[in-house]
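Below you'll find the structure, written out as structure tokens, and then a few comments.
Chain lettering (A, B and C) follows the sequence in which the chains are written, and residue indices restart at 1 in each chain.
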Amino acid sequence: MNSFVLFFHKLGSPPYFYRFAGKWLPWLYAIALVAAAIGFYGALFTAPADYQQGDSFRIMYVHVPCAWMGLFAYLFMAANGFIALVWRIKLSETLAMASAPIGAAFTFITLVTGSLWGKPTWGTWWTWDARLTSELVLLFLYFGVIGLYHAIEDRRQAARAAAFLALIGIVNLPIVHYSVIWWNTLHQGQTVNLIGPSKIAPSMLWPLLTLAFATHVYFFASVFARTRVALLELESGKDWVRALLPATQASHD
Amino acid sequence: MKPGTTSAACAAVLRRDLMLVWRRRGDALNPLLFAIIVVACFPFALGPEAAVLERIAAGTIFVAVLLAMLLTLDALFRSDLEDGSLEQLVVSPHPLALLLGCKIFIHWLTTALPLIIVAPLLAQLLQLPAPVLPVLIIALALATPLLSLIGAVCVALTVGMRRSGMLLTLLVLPLIVPALIFGAGACNAAQNGFAYAAPLLWLAAWLVLSIIIAPLAAAAALKISLS
Amino acid sequence: MHDSADEPRALLQAQSLCFARNDEAIFGPLDFSLHGGETVLIEGDNGSGKTTLLKVLSGLLEPTSGKVLLHGAPLTLAKLSHQVALLGHLPGLKLELSALENLRFATGLGGIRPGITPHLVLASVGLEGFEDTPLRTLSAGQRKRVALARLLLVPAALWLLDEPYANLDRGGIDLVNRLLDNHAHRGGAALITSHGAYAFTSGTPRRIALHVPPPAQRGEVPEERRGAEA
């Protein structure tokens, strides 16, 4: 085994991951915060107003990174779900289930910002635009996964069932996407998109990329934090969790 | 057919499930009544003008049929789980996916087929133009098996729960959106004089894919639920 | 009782078989083998994992570690090939159908022993005349007898019976013992669970004792957090 494979092998063990994530968490939060601050400065102050949409286009800097993250989180969840089902790795189950609510939150923000942007642009809060509709179905898929996970008593069985559902969703997602596009063209929907095919000026682009980077880092920070808590709960009877206890108890006394 | 062979096992499952539906044939009428009542509600809500009803006819019938089937899905494996028959199916030496496929087929045959048969009646209630009716029937014939198949996978995931009805709806509906889009879309296209073959072919392709994958997925999901 | 030395290949063999749920050991490690003609009693209190053991042996659950061998080959559901008949807590019968219809379904699924008919086995469990009565109208004990009739019908050499004496009157208990004796004489083997061996009368069966694992073995979970397995 080379050192890279060995690293992943070790990462799969809950105590190791707990320490690893704990070490990285403050850094991830710090990096996400700094990148978000820089990105938002660029988005709100240095980027020029759009010649068509005015200042309202600036919501794109929240909308687009969140839309990317909604999809990324789903892929991350499904990939971990696959690993969990095939190799029965407990950490992957936990990671998959930790990323579901985060992905749902990002998707929800995407929908909210989309409709906030829609009001001044299209004159309506909601329009059945192909991308927004796909995002809505994605949000429902997230709700299904989260709902199933919380409906089953046994935590590990629940994680496996929910991971399985996430995988079915992955198979179905392209069909949903293309059917929605077809449906939208049939019904002559809106053609103005939040990010059009038009070229985007570099002064507008770099804040977007910075913010996308910030959301990715934040996603991992959040997943790590949630996974740490979930692992403590799952492994509450294990020695390594016991070993953590006296220290925290002492600080409380 | 020699007893103990896989084909005999499939025949046994088919015969037993049909017999069970026949013994409780009163229950089998419920989805039909449900769909008819739902469809009948729309003229009350929207007014009886033919021009209005005509426009929403195909979509409404599609939604009513899907909801009616969704209500019956919950029971697909429930009684088998409660009386231990499901264990016997899993322990039997035959491929579980095949046996589940037989059960799914009977579900379609006893809930979807009657709904398709009354579809002309529903279409008449909502003033669907006569030339669109064949398209509606074909679209339903392609979309309802999809719901039975995809629904079965979701039922297999929720089978251990005491009350899974609402959750099941939450799991199935996002997955079945394309069936609604393509099925009702084909009818609308036909109604507006556009070509309607493409969405039907999409449905057919998706159905073929599901017939192969869904029983296997249902078997895998059932193993997770029973563990 | 057969000596395991004169039969090289056991019908059923468990090798350091363990099952754990959420890192809490339910049973194991267990090592035993079962030969044709043997009836083995699994004893243990509630929560000792008897039902779980039968589910693992029948392939319903995958063992956490260790192996189950059937005629020396690893057990997979695909390879069961009519070797194993399981009678679980739940009878696996449809109350809407008659005894005969239930048995016909069982033969379709599991095959049929040569020279036997559903009518014959129903008579041998004392249900002559009840062939066409829907199970809904039969008593719990009579339904249990239908489930036992299914065992006689299918050609499985290995019976896994979970609490076969439950719900039965004295006559029923005698019937189970008679069936087990006959099955052993035909060269079949049976593994039965019971939380008290009071009912088992014929000879002195071999016993496998299961114990509720002490907390230390259950991933060191404190006593009050342990989920009891019925």
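Just so it is clear, contacts are C-beta pairs under 8 Å (C-beta built on N, C-alpha and C of every residue); 3 or more make two chains touch, one makes a residue touch a chain.
This structure is a prediction, so every number in the text was calculated from the model and none was measured.
Trainee: Pick out whichever of the two, A-C or A-B, is joined by more C-beta pairs in contact.
Mentor: Pair with the higher count of C-beta contacts: A-B.
Trainee: Which chain is most central here if centres come from C-alpha coordinates alone?
Mentor: B
Trainee: Using mean CA coordinates as chain centres, what's the chain B-chain C distance in Å?
Mentor: 37
Trainee: Taking each chain's centre as its mean C-alpha position, how far apart are chain A and chain B in Å?
Mentor: Centre-to-centre distance between chain A and chain B: 33 Å.
Trainee: Can you give the whole-Å distance between the Cα centres of chain A and chain C?
Mentor: Result: the chain centres lie 48 Å from each other.
Trainee: Any chance you could list the residues of chain B touching two or more other chains?
Mentor: 227 - these are the residues of chain B that touch more than one other chain.
Trainee: Where in chain A do residues touch two or more other chains at once?
Mentor: none
Trainee: Touching residues of chain A toward chain C in the complex: what are they?
Mentor: 154-156, 234-239, 242
Trainee: In their shared complex, at which residues does chain A touch chain B?
Mentor: Within the complex, chain A contacts chain B at residues 137, 140-141, 143-144, 147-148, 151-152, 157, 160-161, 164-165, 168-169, 171-172, 175-176, 179-180, 182-183, 186.
Trainee: How about chain B: which of its residues touch chain A in the complex?
Mentor: Chain B reaches chain A through residues 150, 153-154, 157-158, 160-161, 164, 167, 170-171, 173-175, 177-178, 181-182, 185, 188-189, 194, 198-199, 202, 206, 213, 217, 220-221, 224-225, 227.
Trainee: Considering the complex alone, what residue numbers of chain B touch chain C?
Mentor: Residues 3-4, 8-9, 11-13, 15-16, 19-20, 23-24, 79, 82-85, 87-96, 226-227.
Trainee: Any idea which chain C residues touch chain B in the complex?
Mentor: 58-62, 77-84, 86, 88-97, 101, 104-112, 155
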